[in-house]
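Take a look at the structures below.
You will see chain A twice below: alongside chain B first, and alongside chain C after that.
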Partner chain A sequence: MLLVLSAEHRAHLGCLPRAGGAAVGELGRLALEQLRRGAAPRACEAAARKLNIDVDTIQHGVEGLAYLLTESSKLMISEIDFQDSIHVLGFSDELNKSLLQLYLDNRKEIRSILGELAPRLPSYHSLEWRLDVQLASRSLRQQIKPAVTMKLHLNQNEDQTAQVLQTDPATLLHLIQQLEQALGEMKTNHCRRIVRNMK
Partner chain B sequence: QRFRFCGDLDCPDWVLAEISTLAKISSVKLKLICAQVLRDLLGEAMEYEKILKLTSDAKLESGDVKATIAVLSFILSSAAKHNVDSESLSSELQQLGLPKEHASGLCRSYEEKQSSLQDSLRACSLRLSQLGSVCWRVDYTLSSSELQEVNEPLVHLTFNVRDRDCGKTTAVSMTLSSDKFRVLLAELKQAQTLMNTLL
Partner chain C sequence: ILDDPDLKDIDPTVLKHCHAAAATCILEAGKHKADISAISTCLEDCKLDKERIEQFCTEYQKNKDALEILLGSIGRSPLHITDVSWRLEYQIKNNQLHKTYQPSYLVTLNVENSDSGSHPDVSFSCTMEQLQDLVGKLKDAAKSLDRATQM
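After this line comes the complex of A and B, so read on.
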């Protein structure tokens, strides 16, 4: 699969051949730091001063590199496809080779960063429970009514919420039975076949 | 194989694996580490540097030190949870492979603090809300826009309810006439009598 680079993207990456070999390494490092930690304008200014190039050009170059790397890693394109995609930029062979090396070295890490950006549903954190017996109420004395009170703690993107639930023992047994059935589904032939094919 | 201190279930694999780490520490030092872990379980500050010093002879890595603290926390709190006496705990730990002196040292520390541990676990059991305090004020209404001579007593009640999770206190206020207040008081006294019969 080939990457199609827009005209603007190509213009941003156009500063790379002017910067020279060592600078490309520096810009690559800045692009990776931006992916890991977010934009760092001061680092770009320092690089601009060292390489004696305009700050905006450096900024665009870093962003262009970061975008090139994320798109390539996202689509998991092969070496040949990557080389063909950047061929259109008309860079020297040496520059193409360093870009390819940059892609291959960091592909795994970029993919794991991208993996964390997917939206998440609330996930289980913990469950507190309590077993009570109601003996009397305002309207009726001499009762025996067992109840299980639960507090379900959920995690959603570092947000902690809690849900309070109450049930009688019969419903609780039914709930446990349903959950065990759900777990049991993993052992059926259908699920086993799919899991085997995924591995 | 069922263990009482695990709630009549199998012993978790990770606990079994860490028993051998515990055996590497001398039994005297293990008893001191237990004392520190008990402090943490009872809500006081645990002195991690002391634990590091005590484990330095056994040449444990930092991961092993944390595993030691985790497994001791589990054993002590789980034994307290299921109300296991210290002799049964000692014999069960020896069945898992913990040397006799280590097991008896651990169980002696456990025995000293068993009831405080159970009290502390009782206190942090699931509780939906907690009454912090009650404030009241009795007024006498002389007159109002509807009626010139009212002449009635009035009670203002404020219940300060504490939420355990976020520690916030909400004030629930209400105003009652003397008849309503008498009914409320009678009902609450009946509930109190019922509670006293259970104690």
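After this line comes the complex of A and C, so read on.
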């Protein structure tokens, strides 16, 4: 699958050949830092001074590189497709090779960063449990009522919530049976076939 | 009881008092799991004759178990899990990342509140490993229940 680069994007990347080989490494590093931590205008200014190019061009170049890397990583395009996609920019072979290397080296990390942006439901973190027996209450003395009290820890967008829940022994066994069935489903032929064929 | 034809000759206030008194007596007996002799003694002190005491006790015996269950269910407790549903899905892509290819489970615990009777269910997603961890912990709880019942 080929990446289609807009005219604006191509213009932004146009500063790369002027910057020279070493500079491409520097701009690549800035682009990755931007993806990891967000824009850093002071770093761009420093690079602009060092390379003797004006700040805006450097800024655009870094953003253009960042976008190129994220789109390529998102679609997980192959080496050949990446090379064909940037071929349209008309860069030198050496520059193309540097860009390809930059892509391949950082693809995995970029994908994991992008993975964190996806919509997410609260996810399981851990479970604590406790066995209780109710011996008496205001309405009834001399009881023996076993119960399992649990604290379910969930992660929601970096907040941890804990919910206290309770269940009786019969429901507990039912829960275990149902969830074991759920686990078993991944091992069925149907699921295995789908996982195999969708790669 | 105010509409009962057999009782219409009796003063309504007296009826209400009798009803309240009988109900209180039954609830207290149930609360303390009193046996027949204790109830009889109590009613004797209230100057009821033998026949009425016997009638009362017979009726009480008939309904004792149901009464205990009812009394036992009154009271506050944390949200009570009644059922679980799950969904297994295989994620192919999202708008930020394509070709994700990740299986994941969505588990919903149906919960009930002792007061209001309904509460939003607790839902969460988890990977296969996390679900295995959860099931392992639940099984530990079940095993300790087993051991406790054998003590």
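What we mean here is this: the second predicted complex is superposed on the first by the 180 of 199 C-alpha atoms of A that agree within 3 Å, B and C clash if a C-alpha of one lies under 4 Å from a C-alpha of the other, contacts with A are read in each partner's own complex, and residues count from 1 in each chain.
As a convention for this text, contacts are C-beta pairs under 8 Å (C-beta built on N, C-alpha and C of every residue); 3 or more make two chains touch, one makes a residue touch a chain.
Just so it is clear, the structure is predicted and the values come from calculations on it, not from any experiment.
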| item | value |
| --- | --- |
| Joint occupancy of chain A by chain B and chain C, clash or fit | fit |
| Partner chain in contact with A:195 - chain B first, chain C second, else both or neither | second |
| Following superposition on chain A: angle at chain A, chain B versus chain C, Cα, nearest 10° | 40 |
| Contacts of A:176 with chain B and chain C, given as first, second, both or neither | second |
| Touched partner set for A:124, first chain B, second chain C, both or neither | second |
| Partner chain in contact with A:138 - chain B first, chain C second, else both or neither | both |
| Superposition-derived comparison: chain B or chain C, residues of chain A touched | C |
| Touching partner for A:154 - first (chain B), second (chain C), both, neither | second |
| Partner chain in contact with A:164 - chain B first, chain C second, else both or neither | both |
| Three-chain overlay, closest Cα atoms of chain B and chain C, distance in Å | 8 |
| Chain C-contacting residues of chain A that also contact chain B | 129, 138, 141, 149-150, 164 |
| Touching residues (chain side chain B, partner chain A) in the complex | 125-128, 165, 187, 191, 194, 198 |
| Chain A - residues contacting chain C, complex | 74-76, 111, 114-115, 117-124, 126-127, 129, 131, 133, 137-143, 145-150, 152, 154, 163-169, 171-176, 178-180, 182-183, 185-186, 191, 194-195, 198-199 |
| Chain C - residues contacting chain A, complex | 30-33, 68, 71-72, 74-75, 77-86, 88, 90, 92, 94, 96-101, 103, 105-107, 109, 111, 122-126, 128, 130-135, 137-142, 144-145, 148-149 |
| Of chain A, residues touching chain B in the complex | 128-130, 135-136, 138, 141, 149-151, 162, 164 |
